[in-house]
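Per-chain numbering from 1; labels A, B, C, D, E and F assigned in written order.
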Amino acid sequence: MIYVTRKEHFNAAHKLARPEWSDEKNEEVFGKCANANWHGHNFNLYVTVKGEPNELTGFVIDLKVLSKIIREKVTDQLDHKNLNVDVPFMQGIMPSTENLCIAIWKQIVEPIAAHGCYLHAIKLYETENNFAEYFGPEH
Amino acid sequence: MIYVTRKEHFNAAHKLARPEWSDEKNEEVFGKCANANWHGHNFNLYVTVKGEPNELTGFVIDLKVLSKIIREKVTDQLDHKNLNVDVPFMQGIMPSTENLCIAIWKQIVEPIAAHGCYLHAIKLYETENNFAEYFGPEH
Amino acid sequence: MIYVTRKEHFNAAHKLARPEWSDEKNEEVFGKCANANWHGHNFNLYVTVKGEPNELTGFVIDLKVLSKIIREKVTDQLDHKNLNVDVPFMQGIMPSTENLCIAIWKQIVEPIAAHGCYLHAIKLYETENNFAEYFGPEH
Amino acid sequence: MIYVTRKEHFNAAHKLARPEWSDEKNEEVFGKCANANWHGHNFNLYVTVKGEPNELTGFVIDLKVLSKIIREKVTDQLDHKNLNVDVPFMQGIMPSTENLCIAIWKQIVEPIAAHGCYLHAIKLYETENNFAEYFGPEH
Amino acid sequence: MIYVTRKEHFNAAHKLARPEWSDEKNEEVFGKCANANWHGHNFNLYVTVKGEPNELTGFVIDLKVLSKIIREKVTDQLDHKNLNVDVPFMQGIMPSTENLCIAIWKQIVEPIAAHGCYLHAIKLYETENNFAEYFGPEH
Amino acid sequence: MIYVTRKEHFNAAHKLARPEWSDEKNEEVFGKCANANWHGHNFNLYVTVKGEPNELTGFVIDLKVLSKIIREKVTDQLDHKNLNVDVPFMQGIMPSTENLCIAIWKQIVEPIAAHGCYLHAIKLYETENNFAEYFGPEH
């Protein structure tokens, strides 16, 4: 098995707040991330795929193909968007980095499997100092 | 003269759109940056101060002091905020990276001069690929 | 399971030398790292915690809480210190990057477990080119 | 077990193209990577070794020793070279990042084992956005 | 005046050698950069433009426009190419980082001026450790 | 004129404290940087040289030559050393980043001028967040 990783990025707004909670409770739990008028980040996304290199090309997956899947299924829908409001696949989901990883996994696990290899990991940097990783529902 | 630089950062939401313009015109001019529901960035801010090193300390300015000025006058007011809505010193100003540099300069030029040295440059990264620099109204 | 990581940093002095060895032997084994008058590094520390995201917050652990644990138990005790001399939890331990990882693990494994999640990894960069990782005594 | 990693780098030319294929087919499969007159990269290589820290030195392996192995067996043979033409251990192998990882593993797995520890991973960045990892023939 | 910078990148092969010199002389002068079978780099290019921000947009230049100029005039012609062989605007020019800066300047100085602002600087990283800067023929 | 820059690095210990001052005054002025048992940093040094590219080589200065000057005159004397104690050219000088820049300038200005070009700038990062720059005694 070889693991290959492609980095993509998107810039988005979000807030962490539950609408059924008071402003005070949201600020107590989420701190400044609950700011009612939103804040935002430059997100860096690393998608790792595992498989055997093709004997003729030496590729686990053509990274142009992987990049295209990520853009169509993920970053075109997140880039310059509001993660709480604008994104169909995030409806009803608190846009924490953890939950974003799970939602991104679901968007691309099947399109990647269609190319004869396996999605291994989603790694998402919210800032240089904070990131989350998800290895799928079986891990 | 020696130049010393302190890096600080803030995460904020904004949009680039003129309220008196139609949505179509805003999207034509500003592209996806005009998204009505905002987007955001991790901004990295570099503040450069020039002066002579103090003979006893070897410092142009104590970087803890410089950091405190930047936080009080700039990043505490921008971090986890909406640059179009939440920030008193950005009222009525299009929050482009260029205009942010000028506004940040005005916030700190005098507090820095009070320490016997001079503000030389504001450098602001909006993304890893885009940044602006401002050297004051006389340059 | 989701894995979340927080980066913190500290700047410290150390030397690699055994007091019971001669200077010649220490230099032979440790090279310039044995310099009697110390040298130092900007250490970058990545702490990874695993768990299930909370249904209400979407967090495995509030990263502000994780950051506070790391600062109180680790970086406040290491930053701007001499790792051979000043640090209670490093007494009698050769301050290699490997041994630092193990000692840092011991400092925070229980405080993290008290928040309903698990310490997964300590990753410590001594320089951009050298780092160590520890996944606990059972791995 | 502790894991230690050493970063090394090399700058090389290559192309991705099969000599038995037509130019059209090579361009169809490999895109601009098939350019007949070559292109190149700054490769960043991370070699991870696992083992128990030595009781006296605190080292899994002396990183100067690890660096020397990597330079002699790998980067001295790849740096400022053409990966398709100049490198004995890449003869007959398509120089994809994946295949480079496997070939580099084979070059250093035994010299590292001779030092009482184990090669754990080869991670190779072709660009900031693309990298491959290999954990040996049994994984 | 405000200065805005856009980063772009390209991956290319080159060698540093004069055809009228012997192999021995080329290796003596250029070292391993003279390797007959080429080597290559991931080049990072920073283009800085200066001007006054537009009153309505807050932009010195729309960075999408600047990016398009750089791609059409520079990186589309250099990416995945051989700088000695494949590039019309580098014919007869030794492809040192210094000379690349001058050649890139000439390619874009007029298209940028057509947008009411001025090319200020070309900064080109050949590696993380080596870069060149050019501020035009009058500096 | 073209400007070329070479990055080198060194890891060193230091403290900021005046021996004629009390511990209390040193801590008041220098904070934790005054720790009696030292602390340390990974310093990144950028040396910029300006000149005209040689017509035959395309080089302002051969960067191997520049690297050799920096190593012999600067980093070999600073790396894995104590800046307050071990370094002849820092005797009697407070090892602030500012003063280090001036001292490094003096070490290499003449050896560089001997190669037909001019030292333009010393830029020294003490941490990712703090750096100083010096452009010589006439600026």
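Rule of thumb we're sticking to: a contact is a pair of C-beta atoms (placed from the backbone, for glycine too) under 8 Å apart; a residue touches a chain by one contact, two chains touch by 3 or more.
Because the structure is a prediction, the values reported are computed rather than measured.
Student: Steps needed, at minimum, to get from chain D to chain F via touching chains?
Tutor: Steps on the shortest route: 2.
Student: So which chains are sitting against chain C and chain F at once?
Tutor: In this structure, no chain contacts chain F and also chain C.
Student: Compare the contact pairs of C-F with those of each option in B-E, A-B or A-D, and report the one where over half match by residue number.
Tutor: Of the listed options, the interface copy of C-F is A-B.
Student: Relative to chain B, which chain's C-alpha centre is the most remote?
Tutor: It is D.
Student: Counting C-beta pairs in contact, which comes out ahead: A-C or A-B?
Tutor: Most C-beta pairs in contact, of the two: A-B.
Student: Go ahead and note the Å separation of the Cα centroids belonging to chain E and chain F.
Tutor: Distance between chain centres, rounded to whole Å: 28 Å.
Student: Centroid from C-alpha atoms only, then distance chain B to chain C, rounded to Å. What do you get?
Tutor: Roughly 34 Å, centre to centre.
Student: Report the inter-chain centroid distance for chain C and chain E in whole angstrom, where each centroid is the mean of the CA atoms.
Tutor: The separation of the two C-alpha centroids amounts to 42 Å.
Student: Listing for chain C: what residues touch at least two other chains?
Tutor: Those would be 128.
Student: What are all the touching pairs of chains?
Tutor: Chains touch in the following pairs: A-B, A-C, A-D, B-E, B-F, C-D, C-F, D-E, E-F.
Student: Looking at the complex, which residues from chain F come into contact with chain B?
Tutor: For this pair, the touching residues of chain F are 16, 18, 29-31, 93-99, 101-102, 128-135, 139.
Student: Using the touch definition from the top, list the residues of chain B that touch chain A in their complex.
Tutor: Those in contact with chain A are residues 9, 11-14, 32-33, 35, 37-42, 79-82, 85-86, 127-128.
Student: Considering the complex alone, what residue numbers of chain C touch chain A?
Tutor: The contact residues of chain C facing chain A are 1-8, 48, 53, 56-60, 63-64.
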